[in-house]
């Protein structure tokens, strides 16, 4: 399934990054970060075109030879990026969308923990478990 | 897609989350105000006691449960109240042989739905307000009980369990000058 | 289910908690309540907006506060929303839920601010998480009606 | 009078009609009603005691005779009386009682005692013919006491009730009850 | 229908006559294992259920027998202390009999003296002028009617709340009182009424009323 999942905060600082084992971590970080610019672009363009769907799911942000980079943003300006292998054609757009929604839901639970300080790195057993299940396709 | 049609959120569910989150903020504030976790536990119990004293009147008014002269009745009413106010159906069990002690067991605890205890507050009895509520509510219907947590999912237990023990039945107040 | 009752009582205890003890500064107590409200609102809005589309602009967000948020928390919509289009929004609630059990008129007027501080924080927390930095104040002249003023901080 | 309003104002909307009705017609009706209503009144007064016997609230509507004591003394004596009455009934009764409600009647009035499981005591004096008083007292508890005392953080549960809203709502519910203004001829 | 008992109070509040006509016996027996599931406590030297109402045994009921041995004022007939017997695990399983306590003569006199001020207060608290004292006192499952004569004697009848014809009965009792007590040259006012004829007539009046009560319902 996914090779990288990342949650990026309001001020574009990473709150959580998961990278599949054996992957080039740095490269994927870089790709995720580049995705942010595209997300920013998409958000601003939407406000200018009335009648847009204003969907939280932003679809494919861009693709390289090896990877596809997908994006999602919440109303609270948190950005999610999921990266998959370009070769993986079994994943449909709708499945990516569902993954994001699950991720969003997991993130929401983290925020609702009274001991979590918003904007801080996410260190939560439940979230780890949830992401692991998500990327494993369970 | 219009925003309204996307609102799949169950409004009931959300309003339950409101008290869960409010309670979370309150506990966080107490931890900030007190240095000692035991003081927080005590304060939560006291708040619960105050709530219990008012909540029982609302419960009596809504459910019209009649009077309780037996601890099994009382346990049933507590179960009913958990359903009404917290939306969970705890099981009642582990009766002591003398029938004066029982457990209220929850599979999920709505008070602590999103909580993960940080390392430094492992001594915190996060949902201690519930034991206070039980004590306060019972006292208003002439029943002195003790209530305390013996298992908590936040601390790795399989379920959340509150123990309730009958202490004594309280008598009517005698009018001034007639005792 | 009667979960709104649970909220009412927890809120009631939160207020009496910050005012307990002998020498309590009103400002400090109110700011604790405001802070609890902020933390609650910040989290709550994260959940509430999970299924919504993205908001177009500030006014869109304010409308959301007046409708969806108010209905969720206070079981009714805001009765009237006004703005000067320069970052000031005034929300009128003619029967604010946390005051309806208290009085119809001026009795307990001096205590009313204590029961509004949490809500001011709640609104500020919601807005902060939605990207709108602001100051929220409340005013009551005749219970249970109440007026919340949101002043957006630009820049 | 209604005809007059109808004739004078051709295009009447409901709102205007209502306000005219209130201004012009109601006073007549009320005037006509007044003397009758006065003698029909069947709820005299109410005492509300907490579990410790403290008088939380007192209200009276058509009480014609005072006891000749201060309110304080009267309340103490009243609580003492209902306490003894409960004890008397429990002891003298040949069978087990269901707690919660009892009443006595003299040739002039009826005292009704409703006790909640939390031991609040509502004492309502009514006409001897009054019906549905138990239900009325239950209503005062659930719809007035619980709503406007229990849910009012500024009302202590163990202090006399000062809330004006409570007083207003209580008055409303009592006055709307059939027992307040109907006496079988 | 049922008429339970009759009380007559003198002008000064003394109990001058009492007759229990029909008092149901409420007894419940049950075998318990250790530890005891109901809470008992001593009240006025009797062992009374304070909590744990079940199988017909109610809070307020009194321990009447242990394993068939009668218990009075917390003592078994064989002299053992009831509370001690109950506390000893070796005595279990144990069979206990509970009854709704019946009033002793002393308690009846005491209760009668309690009613006297209640009657007077009811008149004092009246919101209307010139009120009598209590004429009817009612609770769930209980009713007491009271008739006070102009001379201040009170006749009280306790009956099932559905029993009819109590007013007539009270007047009949008043007549009997006049005929067999007042007109009896050996009867002095304020003193207990001890007169077989009065008793007999009373019984038949009560029986008559009970029968009438049925046909009227």
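Just so it is clear, A, B, C, D and E label the chains in written order, and each chain counts residues from 1 on its own.
Here, contacts are C-beta pairs under 8 Å (C-beta built on N, C-alpha and C of every residue); 3 or more make two chains touch, one makes a residue touch a chain.
Chain-to-protein mapping (UniProt): A, B, D, E = Trafficking protein particle complex subunit; C = Trafficking protein particle complex subunit 6B.
On a predicted model such as this, the values are computed, not experimentally measured, just so you know.
Common neighbours of chain D and chain E under the contact rule above are B. Chain B has its Cα centroid nearest to the centroid of all protein Cα atoms in the structure. Ranked by separation of Cα centres from chain B, the top chain is E.
Remark: among chain pairs A-C and B-E, A-C carries the greater number of C-beta contacts.
When you average the Cα atoms of each chain and compare centres, the chain farthest from chain A turns out to be E.
Look at where the CA atoms of chain A average out and do the same for chain D: the two points lie 64 Å apart. Look at where the CA atoms of chain A average out and do the same for chain B: the two points lie 38 Å apart. Spacing of chain C relative to chain D, judged by their CA centroids, is 37 angstrom.
With centres set at the average Cα position, the gap from chain B to chain C is 26 Å.
Listed for chain B are residues 1, 3, 17, 21, 24-25, 28, 54, 58, 62, each touching two or more other chains. Contact of a single residue of chain C with at least two other chains is seen at positions 12, 16, 39, 43, 47, 50, 52-53. In chain A, the positions touching at least two other chains are 53-55, 112, 114.
By the contact rule set out at the top, the touching chain pairs are A-B, A-C, B-C, B-D, B-E, C-D, D-E.
Residues 10, 43, 46-47, 53-56, 73-77, 104-105, 107-108, 111-112, 114, 118 of chain A are the ones touching chain C in the complex. Of all residues in chain E, those touching chain D in their complex are 4-5, 22-24, 26, 58, 60, 100, 103, 107, 111, 114-115, 117-118, 121-142, 144, 158. Across the complex, chain C meets chain A through its residues 39, 42-43, 45-47, 49-50, 52-57, 129-131.
Chain contact summary for the complex, chain C toward chain D: residues 8, 12, 15-16, 101-105, 107-108, 111, 115. Chain D makes touch with chain C in their complex at residues 147-148, 151-154, 163-165, 168.
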